[in-house]
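Take this structure, written in structure tokens, and hold onto it; I'll ask about it next.
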Amino acid sequence: MKKLRMGILGLGRLGYIHATNIAYKIPNTTLAAACSLVPEELERAKAELGVTDVYSDYRQMLANADIDAVAIITPSGDHCWQIEAALDAGKHVFCEKPLGVAMDQCKLAEAAVERHPELTFMLGFMRRYDKSYAYAKQKIDAEAIGTPYLVKATGVDPEGLIQNAIRISGGSGGIFLDMAIHDIDLMRWFLGSEATEVYAMGATFKHPEFKKTDDDETGVAAYKFANGAMGIVHVGRTAPYGYHVETEIVGTEGTIRISAVPEKNLAQLYNTSGVCTECVQGFPERFADAYLAEMEEFALCALEGRQPGVSVYDGTKSTLIGYATTESWKTGKPVKIG
Amino acid sequence: MKKLRMGILGLGRLGYIHATNIAYKIPNTTLAAACSLVPEELERAKAELGVTDVYSDYRQMLANADIDAVAIITPSGDHCWQIEAALDAGKHVFCEKPLGVAMDQCKLAEAAVERHPELTFMLGFMRRYDKSYAYAKQKIDAEAIGTPYLVKATGVDPEGLIQNAIRISGGSGGIFLDMAIHDIDLMRWFLGSEATEVYAMGATFKHPEFKKTDDDETGVAAYKFANGAMGIVHVGRTAPYGYHVETEIVGTEGTIRISAVPEKNLAQLYNTSGVCTECVQGFPERFADAYLAEMEEFALCALEGRQPGVSVYDGTKSTLIGYATTESWKTGKPVKIG
Amino acid sequence: MKKLRMGILGLGRLGYIHATNIAYKIPNTTLAAACSLVPEELERAKAELGVTDVYSDYRQMLANADIDAVAIITPSGDHCWQIEAALDAGKHVFCEKPLGVAMDQCKLAEAAVERHPELTFMLGFMRRYDKSYAYAKQKIDAEAIGTPYLVKATGVDPEGLIQNAIRISGGSGGIFLDMAIHDIDLMRWFLGSEATEVYAMGATFKHPEFKKTDDDETGVAAYKFANGAMGIVHVGRTAPYGYHVETEIVGTEGTIRISAVPEKNLAQLYNTSGVCTECVQGFPERFADAYLAEMEEFALCALEGRQPGVSVYDGTKSTLIGYATTESWKTGKPVKIG
Amino acid sequence: MKKLRMGILGLGRLGYIHATNIAYKIPNTTLAAACSLVPEELERAKAELGVTDVYSDYRQMLANADIDAVAIITPSGDHCWQIEAALDAGKHVFCEKPLGVAMDQCKLAEAAVERHPELTFMLGFMRRYDKSYAYAKQKIDAEAIGTPYLVKATGVDPEGLIQNAIRISGGSGGIFLDMAIHDIDLMRWFLGSEATEVYAMGATFKHPEFKKTDDDETGVAAYKFANGAMGIVHVGRTAPYGYHVETEIVGTEGTIRISAVPEKNLAQLYNTSGVCTECVQGFPERFADAYLAEMEEFALCALEGRQPGVSVYDGTKSTLIGYATTESWKTGKPVKIG
């Protein structure tokens, strides 16, 4: 069986998850190289993931490592040039979302992808590979709910992560660019249409620190789509019960709702609080299988010379919408998109 | 519109619920008389329910009150003679469950009912009139689950009532006679067959007081039915979360489960305990509508000269099964029924 | 016990529900008179509800009937003058929602209420009296979810009622005035603040007939509130599964969600479709108890000389917001409120 | 990182799942050899799992392969001698449940395990490693539900597998030995006590073929435990909705229920059937992660010189209870255990 030799760029929390999947959990991948600016991360990768070919310089890894592909799990602002460099070095590329933090960056990445149709490019919209979301899409494609015309998406981080959110606030581009990209992608994916207008607002009731950086704790946005459909996104950072990602797709013949209760597992406790279900506490717990499934698909695509369902244009479009949402939130006015 | 003039016997907690329904909540009933040994209860009925014709002697009420029917809500050991007296006085009779606490009593009641086919008799198996249970029965009658062959019934009182349960333990006939009669009736009703054998057991882990009276806190019984079907009953007294009545009917083509979560209402709380549903806290809360619906049906039956779905024989049979269950529990051996 | 003598105006579907409650289900009300333009409705009320004093002319009922109060269940456009007439005739008034269909009407009603502080006036926002909604409000008032800052409200009629919705479309004022008044009231009630801006949109994917009258099948609106809180309303007419009223109140310390599954009862069916819960099929089924509870509260208020929690101003405010929502929907622009 | 070199014996449906986990999904295992009587299975393992050292004779694999451990996934009747042979050959052993199909076999396996305390032995009670069951056990150990005193266990296969069940009926030892071993193990595990008596019964309503081999389609058993606790097991083969494994542990301070709805994923469909959740369709789908987790634990135990939580005695005890259950079912009488 042919294996895809992969190099990983970035070994932070999520990078390490991807590296472990590549090294141990996917039949047809090998973790052949790793690059990080943090020496301790490289030591850990050597010790635990068995990778021996390590780099502190990304371009050196591209030039010297015996790899077919790279996985880019770095700060968002670096994604696009790193994508371009890898493609131009002849490597297949998997890149974490978002594609970039500025439209001109995204256009560079688009151009690089277009220059290299022989290479596989995939953006890490892992929710599409979660079994519940994939099931919903299959049902919709099989017309189980008729024509979808409204998506209601919720994404709220657990309150437990709030100090980190406060710390990065200001540099993150604001709540919508920071948190709504997945929800925006899901709306586009489920509705099969492009957003044309957005109206957004925000609120901060618990942690006034967000106001200091002109950010908000919670955001709500309403979207119009080209085909007449509509979307609602609610993102936030202060769920006391855990990590709440919920999506509802309303169609002419039915509705699919995913994860109304963001359950930790299948157990229910009957106690003095009533009947209770504990919740997942973060994206690594909620989407562990999805991170694995997307990388499996990436490897298969690269080995088989295919492109995955998520394209570079999905990255550009979602970023574009994220910017428009941010503009509406800041100005208080509806903003046309595209 | 013709109204049924009713007298109530017994104005305790449940008696007062029935009296209120008769007085105010049912179009075709009038609360025309009331009888209680407790003067304060009669005073309250006068003040709040507007009944003026009150008695401390049951036979005097039967002899003198201008009533068509009586509702008997008294201690179980008195039901049968009170039924007999009312029927022989020409009154329709509604009687709370159980029919009686001894088989010879039940036979007296049966004979009285048979002597008066012109009168309506109804036993208060109110669960049959609960909208969820009635729905389940309709679905089963419509063959939605094929042939039902297993009923799993649960009935657990809230821990909050435990002191009363301890107090009456010893005089109650034990946990199965005290608590399993409704579940036994439901098994017979849903399966459409009679129990032929039972094996029962009990346990006491929290309140050793029950052991002093040879009673138990929790009971489990398994039943065989004449048509080959099976039943399981779990009754208890120590649910920390509330009043848990749950019933599952398993059939060849599907299963119906009623009240897996004994929800207080339709609200869910998402908080640090997870996602929680508060529970109902007792039978008056859980079955308020069923108490009303059964009395409405009784009144209609009496006015229209019909007999309701619950007959005196349902009372005798469930008591018989309750005794057999108790015998198995006490002896540790399976007991044949009937 | 003192009883409130009530006359009912309007005996259509909902009017008859109220009339039955007044006649039979509430201890301290008497249905003393009825008024309708439809002779058959009056005949039915005589036969089934036992009312003998009937009128085809509202002002005659006010002048001649021996009543303390009226319940007005008529087309929305008539509410305000009927309220005024009743109050000026010295009657307590219960009126179905909405208060009116034009702001100047509402102001007339407000003035009449202010002229008669000695009389009880109540608007029929019955959801507030539903046990799940009342429980949510109690929890919120007890600070169970901290400070509420976002309400997400859904109200979708069953597809089965669509022909009627199409028929009245054009005369109804559009989907928001027709369907969102309850959700608007709930937002105000739960957030304890007034809406200051709205942005609304609509879509029609299944029944193009709505487009002919410039109406829509589905509407979505986003609101800003004076205290910084936010609201989202989704109303529609085409739920294939039943009548879907769901409300979520998000607070700094937790969330309460009401009726995520608009269950018909407590039964679940396990069959070849999976595990299924059937849904309620309309407002009479969903809110039967709430219609009763609100009228009980009205009667108590009138007898005790109190005003209920729902005031005439709640009616004015919700209508004002409904108009602003409609304007935003029609113009595609955000609209300031008040 | 040290890796455990494993040989697999048996490459049927479940064997292949284990082989894939060993080969690709666990960091510290290597699939170093495989043995099967079916040449096609070995070819597939070579092609897809990359194993090159294959055998058709188990003893040859033990003698010649460069392996530290074996995983035995063969017909139940062969488990015990295969365990003995592997241990005596100095290999760590993972064996699928049940330990054996006769008590004397089990005793041989016990003796072999006792002869080799230096080797790790693990029985494949994978449910204990499912995240929901492991969570329940942690909660119980943390006294979240006080003292557990009743376990209600359900295990029903999907109707879709019925033809296979009919085919093997007669040779399987009957429904309890075939299907209840996991539930029996769970009762012992959660209650921390041994069963002392069982009363069992069976029923066949849909597929009379089972009666021809003195088997049943559905079985119900009630257990008494040494510490006074109780257990109920319901096993069956005809669930139309999927694979239904549900377990409830009732304690003095609360109850934990696992998988009341055997959901396929987190999606709910709102359609004309109501609100529906599709169900898992078999053990490979339901317990995929548990099969992986148990093998990870086995490898860690072998590498670290530990014994896992599941011992050979758990295998003997559950088989013993399975036999007693079968005897009660066949004789219709309670049977003492041990």
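Lettered A, B, C and D in written order, each chain numbered from 1.
The rule we apply is simple: a residue touches a chain if its C-beta (ideal position, glycine included) is under 8 Å from a C-beta of that chain, and two chains touch if they have at least 3 such contacts.
Since the structure is predicted, the reported quantities are computational estimates derived from the model, not experimental observations.
Any chain that touches chain A and also touches chain B is listed here: C, D.
Seen from the C-alpha centroid of chain D, the farthest chain centroid is that of C.
Contact tally for C-D versus B-D: the pair with more C-beta pairs in contact is B-D. One finds 37 Å separating the Cα centroids of chain A and chain D.
One finds 42 Å separating the Cα centroids of chain B and chain D. If you average the Cα atoms of chain C and of chain D, the two centres end up 56 Å apart.
Contact of a single residue of chain A with at least two other chains is seen at positions 239-241, 253-255, 257, 260, 263-264, 268-272, 278. By the touch criterion stated above, chain C contacts chain B in their complex at residues 1, 20, 23-27, 47-48, 50, 131-132, 135-136, 139, 144-145, 253-260, 263-272. The touching residues of chain B, counted against chain A in their complex, run 239-242, 244, 261-264, 268-279. Within the complex formed with chain B, the chain D residues making contact are 146-147, 149-150, 152, 199, 201, 203-206, 218, 220-222, 224, 228-230, 232, 234, 236, 238-241, 250, 252-255, 257, 260, 332-334.
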